[in-house]
Amino acid sequence: MSSIMAARIKKKRIAQLIAHGKRLDERGPSDYREIQIEAGLIERAEGSARVRLGKTEVLVGVKIETGEPFLDTPNEGVLTVNAELVPLASPTFEAGPPDENSIELARIVDRGIRESKAIALETLCVEPGKTVFVVFVDVYVLNHDGNLIDASALASLAALLNTKMFNYEVKEGEVKIKPGYTPLPLRNHPVAVTFAKINDKLIVDPWLEEEQIMDARLTMTVDKDGKICALQKGGYGYFTTQQIFEAAKIAMEKTEELRKLVVKE
Amino acid sequence: MSQKKQEKLIDENGVRLDGRKVNELRGLKIEVGILGNADGSAYIEQGKNKILAAVYGPREVHPKHLALPDRALLRCRYHMAPFSVQERKSPAPSRREMELSKVIREALEPSVFTEYYPRTSIDLFIEVLQADGGTRCAGITVASLALADAGIPMRDLVAACAAGKIEGQIVLDLTDVEDKAGEADMPLAYMPNANAITLLQMDGMLPGEEFESMVNLAVEGCKQVYQLQKEALKAKYMASKEAVKEEATEE
Amino acid sequence: MPVFYERRQLVMPGDLLAENDYMTGENTYREDGKIYATRVGLVDYEERRVFVVALKAFYIPAVGDTIIGKVTEVGMSGWTIDIRAPYPALLRASDALERPFRPQQDDLPSIFDVGDLVIAKIVAYDRTRDPLLTILEPSLGKITRGQLVEVTPTKIPRVIGKKGSMITMLKQETGCQITIGQNGLILVSGKTPEDERLAIMAIRKIEREAHTSGLTDRVTEMIRKEKGEKEVVENVTKETRKTH
């Protein structure tokens, strides 16, 4: 069947199982699907990585170019995150300008990287007030089977860890590329964990059909020191304060687990 | 244009730049039912924030193919006027406005009985006339009143307030300056009857141990805002009741 | 006694009205054994039922209601009518013509055109489709004379009054024909514009003071006073003309 909408009886079954702490694919409430990470597959990009989270697949490419700094931060480089829900990823994605979902996705990933100060933007200044380096993080969703946020955040982190900046020198106010590369220094490793609330139970890493029946979702991004750097509640429902606190505890553990998959000490 | 002067945000006596204590809300002024054409409307002034909200609906959905068979479609547009901020903002919707439109809609949706009106749309418009931090919270507060003013059945009002961290201290209701210079800003929307958090966002850096107290402070702020919302609704009814009394005594 | 308000007190969405044994009336809902208000209005308790008379509500169609609407579109086999509800209403040609509809010969705009006002009855309405109207009953059809007054639909019962007491009084005192649309539109048609003005003034007063008691008497008094004053003014004018 080509429709991605789960049949009503299947939705009921999923909800019933979750009420008893079980999930249709036999995962526990705090279990992630199988994760595969591959870095450096796009040579033309300065950095790249692909994450497979169950059947969800996200590819992130990092490009670094010169550009103008923002007026209020003349000595800092610029970070910009964009996400595309490409039509081939899901029958529900249409071609066109970014919609609210792709904008929200990009901004959540952006917040994690920006607020954790993962990239030392002050080292990306070429000429104060005139020229800086712009780090473009482009999230490309290739297959949507639920939890695009965590997959995108993980892929972005892996891509940034994989990013190598070209060596350069400044001659007559212009950037001249020299041979050789230097890895982009990353000071922090933000990781996102997304929860879905179904029948008053919290589960992590919702897959597509769980997302379709969830009341609400909560994403928590945590840095390598256990500091929360981004939060986003989404969906038509709500969380009680107890559920929020419960999610925070689980998020601290899960983000550490996920980080180990990407950051090899 | 940027100010390099580093003023302290909180002084030795725990007083903030605008004279408030750390857990004090900015002064709020709310008026309900101030626009003639909209089905419901409300206006709020919170500190320097000036925000207007209006509701049209439930009404026929345009374009028709967006209609939902089992409930009303709630649509929300959060928009900032070009003159609302220090540097003129282009009228075209920015990515931030699109994200806020989405989270605000998701903050209000749990409160509306959309299932009563299938195949209709309820259109919410929030216009920020002047901004000074916490506009999405003030926007939710006033949009909730506009929905009530329109006679749309609701489970509860939704009140919103942000908590944050500046100069190491947890504070309530941040201004723009405090948000930009502070360590964390956490907007939150709340429906008291169900103890329901319908909006929760955060940017900044917050140690996990401080999370609970910040959420609890924001919820306390929301409860205060909720009382003020109810007073504003009451004031509108009382005003019309007074007008009736006056006429009755004239006769 | 698990009620939290006195009768006719102002309540708002989310206000806790009663607990447990009570039944939910209009503009309330139950959650976890507690009953809350869904709209701004005056709460009332009747035996074991709690309900809220909403201050402001829009009209939701109900089968059997007489309504007044405006034609907004002429279609292939009927008209779209705006009845000031979240849903547009449909009047099919077959529900408007006494004889069978002949698409080739009948010119729909000549029967009703955009902008025409009609009094109609709702014959069908449910969650899956827009309300369907008919005018094939006595006293239904195109409105050709009179003035239209808009009131909040929740005040319509007050304009009618208990057992029709208010509307009967209005018709008597003003000599006007008054047709009430459940959707908040009232047609006033009198012998003179002055009669219509009196009726409209009375209706507006009822709308403003709907929540007060003794209204029927006060409205009667107001109309009589207005009529009386007018007579006095006319007499004075006659007098002054005499002396000059």
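Going by the order they are written in, the chains are A, B and C; count residues from 1 in each one.
In this text, a residue touches a chain if its C-beta (ideal position, glycine included) is under 8 Å from a C-beta of that chain, and two chains touch if they have at least 3 such contacts.
Worth saying up front: this structure is predicted, and the values here are computed from it rather than measured.
Asker: From the centre of chain B, which other chain's Cα mean sits the farthest off?
Answerer: C
Asker: What chain lies closest to the overall centre, CA atoms only?
Answerer: Most central by this criterion: B.
Asker: In angstrom, rounded to a whole number, how far apart do the mean CA points of chain B and chain C lie?
Answerer: 35
Asker: Please tell me the distance, in whole Å, between the geometric centres of chain A and chain C computed from their C-alpha atoms.
Answerer: 55
Asker: Measure off the straight-line distance from the CA centroid of chain A to the CA centroid of chain B, and report it in whole Å.
Answerer: About 28 Å separates the centre of chain A from that of chain B.
Asker: Name the residues of chain B that each touch 2 or more other chains.
Answerer: If we look for residues of chain B contacting two or more partner chains, we find 191, 194.
Asker: Can you tell me which positions in chain C touch chain B when the two form their complex?
Answerer: Interface residues on chain C, with respect to chain B: 10, 12-14, 16, 27, 29, 31, 36, 38-40, 54-58, 86-88, 127-128, 208-209, 212, 218, 221-222.
Asker: Which of the residues in chain B come into contact with chain C in the complex?
Answerer: Touch list, chain B to chain C: 39-40, 57-60, 69, 72, 111, 113, 117-120, 148-157, 191-194, 230, 233-234, 237, 240, 243-244, 247-248, 251.
Asker: Give the list of chain B residues in touch with chain A in this complex.
Answerer: 1-2, 95-96, 98-99, 101-103, 106, 109-110, 186, 191, 194-208, 211-212, 215-216, 219
Asker: Under the touch definition given earlier, write down the residues of chain A that touch chain B in their complex.
Answerer: 71-72, 98, 100, 103-104, 106-107, 111, 114-116, 216, 218, 222-223, 226-241, 244-245, 248, 252
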